[in-house]
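Here subunit A shows up in two complexes: once beside subunit B, once beside subunit C.
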Partner chain A sequence: MSAFTAQTLANCRAIAPELALIAALMAVLLVDLALLSRRSTGASVWVAVAGLGTAFALLTRFQPTDAVIFSGAIRLDSLALFFQKIFILGAMAVCLFTAANAEIFAEYRMGEYYALVLSATLGAMFLAAANDYIILVLSLETLSLSSYVLAGYLRVDRRSSEASMKYILYGAVASGVMLFGISYLYGMTGTLRIAETFAPLRQGTQSFTFFVAFALLLCGIGFKISSVPFHNWTPDVYEGSPTPISAFLAVVSKSAGFAILLRLVLQAGMAAPGFDVAAAARHLTASGLDIVFWILAAATMTVGNLVAIRQTDIKRLLGYSSIAHAGYLLMAFTVMNSAAWDAVLFYFVVYYLMTLGAFYVAITLEAQTGTTEMSACRGMWVASPYLVTAMVVFLISLTGLPPTAGFPAKLKLFKVLIDAALGTGMPRGPWFYLSLALIGVGNSVVSLYYYFKIVRAMTLERFETLPSIRLSVFDLAAMGALLVAVIFLGIYFQPVEEFVQTALSSLGGAARVVGGL
Partner chain B sequence: MSDFFQHFGQTVAFIAITAVVIGSALAATFAKSIVHASFALFFTLLGMAGYYFLLGADFLGITQVIIYVGGILVLLLFGVLLTSRSLDQLQIRSRASYIAASAVGLAVLAMLWKAIIRGPWQHVTPVVPQQTTQSLGRLLLTDYLLAFEFSSVTLLAALIGAAYIVRRREK
Partner chain C sequence: MGAGTLASYVLTLITFIPLLGMAIILCLPKTSHQAIRGIAVISTGIVLALCIWLWRDFAFNQHYLIEATQAVSAATPTIQPANFCCYVSKPWIPSFHIYYKVGADGLSISLIFLTGLLSFLAAFSAFHIEKGVKGFYALYLLLVTGMMGVFVSLDFFLFYVFWELMLLPMYFLIGLWGGPRREYAAIKFFLYTLVGSVLILLAMLAFYFKAADKDLAFDIPYLISSQVFGPNSDWHWLEKWLFLALFIGFAIKVPVFPFHTWLPDAHVEAPTAISVILAGVLLKMGGYGILRLNYPLLVSTATSEFVIMALASLGFVSIVYGALCAMAQTDFKKLVAYSSVSHMGYVLLGIASLRPGAINGAIFQMFNHGLSSAMMFLLVGVLYDRAHHRDLNRFGGIGLHMPKYFALAIVGFFAALGLPGLNGFISEAMVFLGSFQNAMIRPLVVASTLGIVLGAGYILWAVQRVYLGPLKEEYKGFPDVSWVEAFTLVPLAVGCIVFGVYPKLMLDVFAPTTDLFLKVLHVSANAAATVAQAGF
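Showing the complex of A and B:
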């Protein structure tokens, strides 16, 4: 056995979770083929969930390293492992939500569905670990291509096909623009390693061309995280897609975009193995990138929240709300210190729980009433108090109020900005950070209004007919689990803090960030 | 002297290809009929293959011809053929959107122009053109092994998706 073969086999062991997902993908297809009858629907979801579970179990056994494997293609550091873990849990939740609400997909075969959810998750996993642009583009395309089809999975439904078409058109343009930017970076540095293409930034020799290239790269990522001005697709696609897929896009796909954005930002300061958070912040701030993030954050949350006010469809509203949340997360990118990254990762853990919860309520509504219009929710309080209670808690959490997990998550983000404003030695004056924090607070107040429009429709508005809602045991359990998690982590969030701290261990000094608020 | 002729030939070829690429791209953009636009695109894509050949990337050039000219363009024409006739005429909705699109396009062009002219590009010394296929194959199975294998998953996902979309309704 040659040295190269031995090396490759060793590398394959390092990507065992991804290989498990590929195996599960094949197994789903084979099971679907073997059981051509309609029974395969039940089997394929279990194969998919088993594959995701195996991948998760393998992931938890890994110790993160700063080493790059496969000739520098990927880097399985603690940041990658963190995101991969939450992707898998998110995908698993989406699979189970789908299986429990099969009414939405009554007319469709489900083998391909779970295969595509697995391939999308696989794309997200490699994206979080990408160390060069080839893997970055390939994994982003795997995630996107699978998502395009999933968005249009309800083929007979016009809105679903429209969602798919819009998503493809926007996505193809965003990928093209991003590739063009990457070609500039390659032309200037002659390398496809992400860290090495940022050498001009570290050496202070960045040119106009470099900024153009970086801006084009940001366009592609801005599309994935649905930041303004690349957000137009979000509400339409969320509204038209089958609701479990809207949830997938809101949690897994969005956090995958943030994972690669975070990596790009951190790579800017990296010369040797291991990230240098302070150096990255210094170089990027010197180029004025924090101002770019300031504008993106302010515009994204303001547009997301203001347009959300007028929405009458719950899925569409959650789409705008997910734009707004991208804006809140982008606030931390103006500060770029360890505490900021700590707040971002913490926010993601909580964001997953509360967003999945809110979408699960929407999934139940779609499966049982056939619509997610707010007007169809009238009288829900009488039909299912449990569902309404769950929705209220998830919405309070999305607003960021105590006693839910959304409160510490949002407080952490604001604290980063306020500390930056009060702290000494920051590159910008205090008002730079403080003004963004104030915009964020103002936006949270606005979001309270439209989130409670849903609650008002469910509880206070007059109704003629009682909506028929019958929650299954799984519905009760899934909502209950998310509900308990959101409230419990709002009071006692130490476990999330610890999880995030281990995720930041690759960031050098980050492990020393003092936890707590 | 032969060096001069070689460079002269390359420059002439470059100018000729560029004229074809830009001319046909403009024609594709402004064509009234989608069939005309597709045929104009044919020359743009062929011209891109010409660039690759000029740069000594023979394998890439051939791939460009096979995939874009032979595959994607034919697919595009079939798409036009099989969909309804109403798509035949490309219409720009209003003068305002036309002007807005042109303004954005020109602004992007100006930005990219400046970026290209000012760019600190890495200049590589031209090497004698030789077969690239062997070294490409070697790279794909060594340095880019993961990307090579992973792209099969990407293609598999695309295949599953395409097969799902075109399948007839079961019920």
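Showing the complex of A and C:
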């Protein structure tokens, strides 16, 4: 056995969670094939969940090593482990949500569905650890292709097919543009390692072409995180897709986009063997990237929030809301220090809980009433106070009000900006950051208005017929668990903080110091 | 339980007993209305008893006052935890430096007492609600927790959490149990207040960042004593912006003209019990915030001439504009709502003048307005429950037909009018006498006395239209006040008289706090002047 083969085999131990997912993926397909009767639906979800559970268990045993494996293709650091963990939990939630609301998929075989969810998750996991552009593109495409099919999974539903078609067209263009940008970077530096393509930036020898290439790369990622101006697909796709898949796109797919964006930014300041957060911020700010992020953040949250006001469909509204949340997260990218990354990761933990909660309510509505129109929710308060209470708490959390987890999450994001404005040694003047913070709080107020349109429809508006809702035990448990988590972490958010602190360990010692507020 | 033990937990109990009541109510079946009402009354009753104990303990056990006085006479007076009775400090989220810190001084005790009293009485006045009783009282008790929490918090973060906590129950209480335009009124209230609170949030983060001792970065007494945005700081330019942010946040709640437009909608659409809480307690949170945070945290801006003039002008406009609007109303409840804008204008005028008498008057005015406006809303509610309309021009002659009700109404309305012998007179006179001493705003003070005349005008005119004149046919069948109604009105009427005849009972509670407040403002300001003269 050659040394290279031995090395590769040894490296395989480091991707054991991903291998577990691949095994589960094949098992799901085999089980589906073996049991051609409808019973396979039940079996395949358990195989998928078991695979995800195994992968998660393996992940929790890993210590972040910052090791670069497979000839530099993959970097297993604490950041990658953090995102991989939340991807798996998100995917697991989506699988369970789907199985508990099988009405949505009554006429479809579900074997491929779970296989596709697993392959999308697999793509997201590799994406979070990508260290060179080949892996970046391959994993991004794995995630995207699986998502395209999932979005159109309800084949006979015209809206679902339309969603899939739009997603493919937008996605293909975005991927193409991104590849074009990457080809320039490769041409200029002769390497596919992400960190090394930033060498001109670090040496101050970057040309105009470098910026064009980097901008094209950002376009591809902007599509994934649905940042303005690449956001147009989001509401249509969220509306047309089966609701569990909308939830998957809102949490896993979006956070995968942010994971790679975060990695790109950090790689700009790569100093072997670890990240140098300050250097990354210095190089990128010198090229004015923080201004780009300022514009993207302000535009994304403002457009997302303002357009959301006019929506009447809950899924569509949540689509615009997810655009707005991408905008809030992009605020931290204008500062790019350790505290900013701390706030971003903290936000993601909370964002998963509250978004999954809100989408779960939408899934229940779709499964039981067949629609997610707000007007169909009238009288829900009388039909199911439990469901309404849960939705109110999730929406309050999405707005960012205490005593829910959304409050500390948003507080930390604003804190990053205020600190940057008042701190010394920042590259821009105080009003650069303060103005963005003001736009951010203004947007929070706007968001309350449209989130409460849902609450208003459910509680205040008059109704003729009571909607028929029967919550299963799983519905009660899932909503209850997310509800308790959102309130408990709103009152006592130390656990999230500690979880995020471990995720920041690869960012060097300084990150630990800035933890907390 | 000894008195010492109770002292250390009383504020926590006052804050969280309503929450416990809410938890019990949520476990009760939807149909057991009597049990739900019982739990609500018992839990607010216990809270009221504790509030009375707290007030008595504070007013007669003078050691807190002595400590406060010592702090005043110290060389550099500052606000310390020692100036607060029942002080408790426990770590909450250590890595964020957030503490559970509660304490009460004269200012908060007077408002805690008011909140305890009104939340107990308003719980009774909602007995006639038959729709969604369980939801109503559960949300109501959550609201009480939020209000109490605001008045006891000494940690900025904790204060903010309670400040926001109270919005959600209020939204539903107006939106579900309100009048015809309730949906609009509820979201308008929510959005206005949220605009204010996000500004407070940004200011809070700025203080957090500049605090030298991070572990005390949310500690209100520490932030007051350190004055990080004072004239010696590099960040002094930001102070005026922070002042503006905090002031708008609190002014929306007061409400000060031009931020008052949510108030008539919310008050008119809310059910009676909630109007009582809105006018009686929620508006006071704005005044409390200005006195507790806005002024002491940003001394040099607060004592600047521009702020004195600007705030006194806003106070003047609120007084006169509110009174004129009240006079133009034909809806009885809207009249009372606009009278609140006018009466809270006195509070702002008194605070802006920075004179001891005026500030005592302003705090006392908040307390008195709590009693009289709550009473007026209850009185309107009594009438509305019988007539099912509130059109002033359609009433007439009810006074002689319902004598007990008339007697109570006269006390309530005349207290609001400022009749000598009733509580409103004392506080308004104190505000005028005190603020007149500030030569800078003297013309505004003189002009503001117009508010007294206008106030007498709209109240007497309303009394005339509703209670005097010949009795109309349609009102002949009206019964006089019921026992429950009398039970809610009489304590307030007694309060209006007692605090009008013997105001010392309440003035003594917060007078030392006011002294300390002023010393903190002036000494810091003097120090600033000295520094400026020395050429720094």
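Just so we're on the same page, the second predicted complex is superposed on the first by the 512 of 517 C-alpha atoms of A that agree within 3 Å, B and C clash if a C-alpha of one lies under 4 Å from a C-alpha of the other, contacts with A are read in each partner's own complex, and residues count from 1 in each chain.
Following the convention adopted for this analysis, a residue touches a chain if its C-beta (ideal position, glycine included) is under 8 Å from a C-beta of that chain, and two chains touch if they have at least 3 such contacts.
Remember, it's a predicted structure, so these values are computed and weren't measured experimentally.
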Does the superposition put A:Val156 against subunit B (first), subunit C (second), both, or neither?
first
Could you say whether A:Arg456 touches subunit B, subunit C, both of them, or neither, answering first, second, both or neither?
second
Using the superposition on chain A described above, determine whether A:Ser146 touches subunit B (first), subunit C (second), both, or neither.
first
Partner chain in contact with A:Glu464 - subunit B first, subunit C second, else both or neither
neither
Looking at A:Ser207 after the superposition, I want to know if it touches subunit B, subunit C, both of them or none. Which is it: first, second, both, neither?
first
Does subunit B (first) or subunit C (second) touch A:Glu497, or do both, or does neither?
second
Of subunit B and subunit C, the chain that contacts the larger number of subunit A residues:
B
Can you list the subunit B residues touching subunit A in their complex?
111-112, 114-116, 118-122, 124, 142-147, 150-151, 153-154, 156-158, 160-161, 163-165, 169-171
Touching subunit A in the complex: which residues of subunit C?
92-98, 135, 160-161, 164-165, 167-168, 171-172, 175-176, 182-183, 186-187, 190-191, 194-195, 198-199, 201-202, 205-206, 208-210, 217, 235, 238
Touching subunit B in the complex, subunit A uses residues 4, 8, 11, 22, 25, 29, 70-71, 73-74, 107-109, 112, 115-116, 119-120, 122-123, 126, 134-135, 138-139, 141-142, 145-146, 148-149, 152-153, 155-156, 184, 187-190, 200, 205, 207-209, 212-213
Subunit C-touching residues of subunit A, taken from the complex the two chains share:
385, 392, 396, 401-403, 407-408, 411, 414-415, 418-419, 422-423, 430, 437-438, 441-442, 444-445, 448-449, 452, 456, 459-461, 492-494, 497, 515-517
